[in-house]
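Both complexes shown next keep chain A, but they swap its partner, so chain B is in the first and chain C is in the second.
Then we have the complex of A and B:
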């Protein structure tokens, strides 16, 4: 454990640490673009300059290992001048298109310029021209002129996704990022390259031109996309949810997340949601408030014979919710017929070696724990035979929150709707459900960003998450629904609604983007 | 006076072939070296004070001793990517005496315990490549390469590899990247090649002339070798004399030889009616010397180093009073802009910036502050990057501007060359 002095502070660091790691550890600010803690060291941006006592030249912090007694500082005039010039070299050919750049507001160049720059440009000559809009693949667009060639994205595809799609082409200030011949940037983790791009060179096709980042709020949560349970941040404003980005979590996802998980903001938005409870009989539907619908059910359910009452659970809800609903069934309704709906049996155990798991539910372990706790052992076979024999007459289903990962959804709806009375709780709209002609009640639920809870991931790690915002204020959480169904009085507040309904619909956004399509086609590398 | 140690038999056409080479003492030192202990050879090279002839002038024996002392496989690479503008000595050596290089390499490989070596030759050197390939084949046929060389039990394989036309591949780690099949970009140091180089194995990279000189150190012994040259710069060196002299060419002289003698005696002096104006003493990256400085300069590492320039690869470019320094610097900045690998920001952007400023001056659009800006930009490119290309681009700019400032100022003010009296367009079309 070598001891060193950083900006006058004596600190102890792990043996083999570089200066930049020591700086991070001490929360000392240090400018850098090419260094990323999740990637190998490239040492090319030359911005993380530090002065080491006894060395006449400034050195880069990312490739210099701390030695015993080393005295480092990055606050001297010499270092500041070096960083200022390093920044200037980055900026001379960088286009001044911040007003139309998606990165504006969270851009490394802007940040450093405000810290070290604020001077008039000295370059009077023309800037270097490069390809302005390069379609790298299905998810990412490149603007070569904005690119500062830090090579983070290239290293990401080489070292993390190991798909080797990107490379640096040409030499000197003609260098550009591009895809190697015959390949596209098309892998399950491609959008991480957008996250690690310190400037607006790589932009996500899903997010670009949709919001200025300073109009977005963010909050941390857990990705419900699969049983890995990556730590994420969702970005939203009054118009809705806009994107999901990973948050560093050493024990779960490191620095990354998959592209699939980034789509988990979409089903939260109002246009995909069930807004009111619906009661249907012979194809005739009436809308009621969700709380009222659940309360009304309490009488019916209590009056039902326990043997004819069943509960179907997907592994998409929090531990607290399972506890509430299962205990209601077991203790209040005296039913032990609780069934676990497994969405994709064939690939359930698969794992791609990095983050993506075949179990597309955030809380399979949590559900199994609760089932175990109450000694519930009913199988899907029991459910099937129960329906066939007509023993099961009333079914309560906590359907999928993320319907995209339930390929068997249609099949299951058909199967389960054979019972005389179906009560389906779910956050999102589903046409098939609303086309059912039997005795059906649909109750809207809240999504993972609208409640507090705990997910247990595949490692058995309990991860708590907090409410981020409310999208559909009247919707219930599963535990509220359970309480209401069991006849308890609870108050449901609607005051915390944040997201408004006047969001521009996706179709309009798509229309806008189609108009820009000629831009996509122009100038492929 | 020329001291012909390496170039003694270069005038003989037969020296190129194996038979002619053996007739003139070839491969005798290989037999001698293979009977020595490897460490003995390293000690001898160390004692000789031989310094790298490629440009940096690092002591060869010291470089060899950085290798880890274990049985890990290691590589010897010969840097024949002779790209420094003004340098053409390695080309002569490969064309006239390929076996001299091969013998030097086998001895060196034996000393460092390498079983495989490559000669990385500049891509444009088609003829030297064919000569070397022929010579390597001859050496294999004669048993100087391959298994159990001369019954010593030492195995060694050698390959000739053609570069693809990048100046940066003459930088040792850039060369290693290129040899590995990657884009020719220098690698971050540490680790240094002697610890982790080609294919992440310990690697020694030496210049053609350095490796060839090893043979003569073994032949004559370190002490005899030290008789040539100076205390800190022992031995002889080939100098590529070019520019405005009567007899340009390669000349082998002992280190410490007066620069003015090389120009006037070996080079035959200036053209009639012309005066010496400046000399670039060590390839285009070396800061320029004025005529007055040339009088005092000796061709060795310490003297030129003391004058703020360097011996470099030994390319002496002579400039007479008919040359426009602004125009010449324009050629150099264009070259470095073209050759920067684009990895480190200060070099990638700086070389382009310098070139743009200089060409706007040349085209008559310069501003007076541009001269100061040239210096500022160059100054901030120095010592800030992975390899030395950035310095190589910055140093000529700094020295040209500071030593010939009035020419630059005149050009900015008048929009034409002070020396030639004409504009850029008139000079070049």
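Then we have the complex of A and C:
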């Protein structure tokens, strides 16, 4: 374990680590573009300059291994000067069209310029023009003029997704990023290139121009897209959710996440949500408050014979919610007919080798654990025969939150709606449900960003997540619904929509404001 | 409130003060009656005062040579606006040289404090505060000005041209 001194601090690092890793470890800030902890070292941006005692020239930190007794600093005037002129070279052909650049506000060039630059450019030459708005594939747009040729994106497709679509073409100041002849940047992880691009060269088609980043708040949560359970950050403001990005989590997803998981913000937004409980009888619908609807059901459910009462669960809810609803059924209603709705059965065990799993539920393990705990063994076959024989008369269904990953949804709705009384709890709208003509009650539920809870991922790792915000304040969580249905009184505090939970104590609140969140909490670089 | 009662002898001479004041009033009245041209007041609204062109009145969105909006929908004005009365919706333009443009640009003029910060923030001279200041309205007037009103209202005669031209900038290699 070599020891070295970094900016005057004695540090012990793992043998073979580079100076930039030691700096990361010490949380020292260092300018860099091409180095990424999840990728190989390229050493092309020449921005991570450090001064090593006894070495006449400044060196790059990302490709210099720490040796015993090394004395390193990146705060001296020499280093600052080197970074400054390095930055000037990066900006020689840069268009500086920050006003229309989606990266503005979280751009590496802007950040480093504020930290090290602040010079007047001394280039009198014309800028090299390159391609703008290049369509790289179904998800990503490239602006080659803004690219600083750090090659992170190329290394990502070579080393992580292993799809080898991107490459550097031409030479010198005409070098451009591009896709290999006849190929598109089209893989399941393509949007990671947008995250790691330190500038606005790669932008996501989904997010492009929809918001300026300084209007967005963010909060960490767990991706409900599949049973891997990547750590993510959701970005939102009072107009809704806008994007999802990965957060480093060593034991689950590393630095990355898949493109599918990035779409999990969509079903949270109000336009896709069920806002009120709906009671339907032979095609006539009336709207009621969700809490009232659940309360009303308590009488009906308690009066139902335990043998004719069933519960269908999807693996999309938190452990706490399962505990509440299953114990209500087993203890209060004395029904053991709890069925597990398995979506995409064929691909359940599949795994693409990186992150994506065929089990598109965040909490299958958690649900199985609860079913096990209560000794529930009913199968889907039992449910089918129960419906056919007419034994099952009342069915409570906790439907899918992310309807896109339930290819059998329509089929299942048809199947389950054969019971005389159907109670369907779900966050999102569904046309087929609203077209049912039987005795149906639809109760809106909250989504994963609107509640605290635990997901158990495929490894059996319990991951807790916290409430991020509230989108539909009236909607119930599954445990609230369970409590109400079992006849307990609960206090539902209808939180104001879009009030963030990570608010600063001295923060001034103005409801209509679209605050400049980025500047607000950025602090230092 | 404490009132200081000043009962000194001096106070008895108030009448002189009043007469002096009336005198000044009379002088101005007579001056205005016999020398109308130099009168300071205007017969508003028949007569209107011409402010300098630098007056910060109602906003104007400038246009490019082809008549399209200069605004790039960067939202810097909306970010800078202390009254937060600017609302912009950006969209992708079919021309890659334009790339981003506003499909809607609205200013809630009743909330605007005419500070001119939007004008200061704009990197491309797309918004200016014009010299226009009389914009009353009766009930039901729409005080949320949209692109039509801001850029193409009749008295702008087809739009005010911007100083910042992308074509020229590109040609000179900036």
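The criterion applied here is as follows: the second predicted complex is superposed on the first by the 497 of 525 C-alpha atoms of A that agree within 3 Å, B and C clash if a C-alpha of one lies under 4 Å from a C-alpha of the other, contacts with A are read in each partner's own complex, and residues count from 1 in each chain.
Note that contacts are C-beta pairs under 8 Å (C-beta built on N, C-alpha and C of every residue); 3 or more make two chains touch, one makes a residue touch a chain.
As the structure is a computational prediction, the values presented were derived from the model and not from experiment.
Trainee: Assess the superposed three-chain arrangement around chain A: do chain B and chain C clash, or do they fit?
Mentor: fit
Trainee: Considering only touches as defined above, state whether A:57 meets chain B (first), chain C (second), both or neither.
Mentor: First partner only, chain B.
Trainee: So, A:100: does it touch chain B (first), chain C (second), both, or neither?
Mentor: second
Trainee: Just chain B (first), just chain C (second), both, or neither: which does A:164 touch?
Mentor: In the superposition, A:164 contacts neither chain B nor chain C.
Trainee: Mind working out whether A:212 is in touch with chain B, chain C, both or neither, as first, second, both or neither?
Mentor: It touches chain C, and chain B stays clear.
Trainee: Check the residue A:43 against both partner chains and state whether it touches chain B (first), chain C (second), both, or neither.
Mentor: A:43 contacts chain B only, not chain C.
Trainee: Have a look at where A:133 lands relative to chain B and chain C in the superposition and call it first, second, both or neither.
Mentor: Second partner only.
Trainee: Who contacts more of chain A, chain B or chain C?
Mentor: Of the two chains, more chain A residues are contacted by B.
Trainee: Looking at A:92, would you say it contacts chain B, chain C, both, or neither? Reply first, second, both or neither.
Mentor: first
Trainee: Aligned on chain A, what is the least Cα gap between chain B and chain C? Give it in whole Å.
Mentor: Taking the overlay as described at the top, chain B lies 12 Å from chain C at its nearest C-alpha.
Trainee: Output the chain A positions appearing in both contact lists, the one against chain B and the one against chain C.
Mentor: On chain A, the residues that contact chain B in one structure and chain C in the other are 125-126.
Trainee: Hey, which residues of chain C end up touching chain A in the complex?
Mentor: Its residues touching chain A are 72-76, 78-79, 84, 90-92, 96-97, 99-100, 123-124, 170, 172-174.
Trainee: In the complex, go through chain B and note every residue touching chain A.
Mentor: Residue positions touching the partner: 166, 183, 188, 190, 337-346, 348-353, 356-357, 360, 367, 370, 373, 376, 380, 383-386.
Trainee: If you look only at chain A, which of its residues touch chain B in the complex?
Mentor: Residue positions touching the partner: 41-47, 49, 57-58, 63, 82, 85-86, 88-90, 92-93, 122-126, 128, 148-149, 167-168, 170-175.
Trainee: Chain C touches which residues of chain A in the complex?
Mentor: Per the stated touch rule, the residues are 98-100, 104, 125-127, 129, 132-133, 208-210, 212, 214-215, 512-514, 516.
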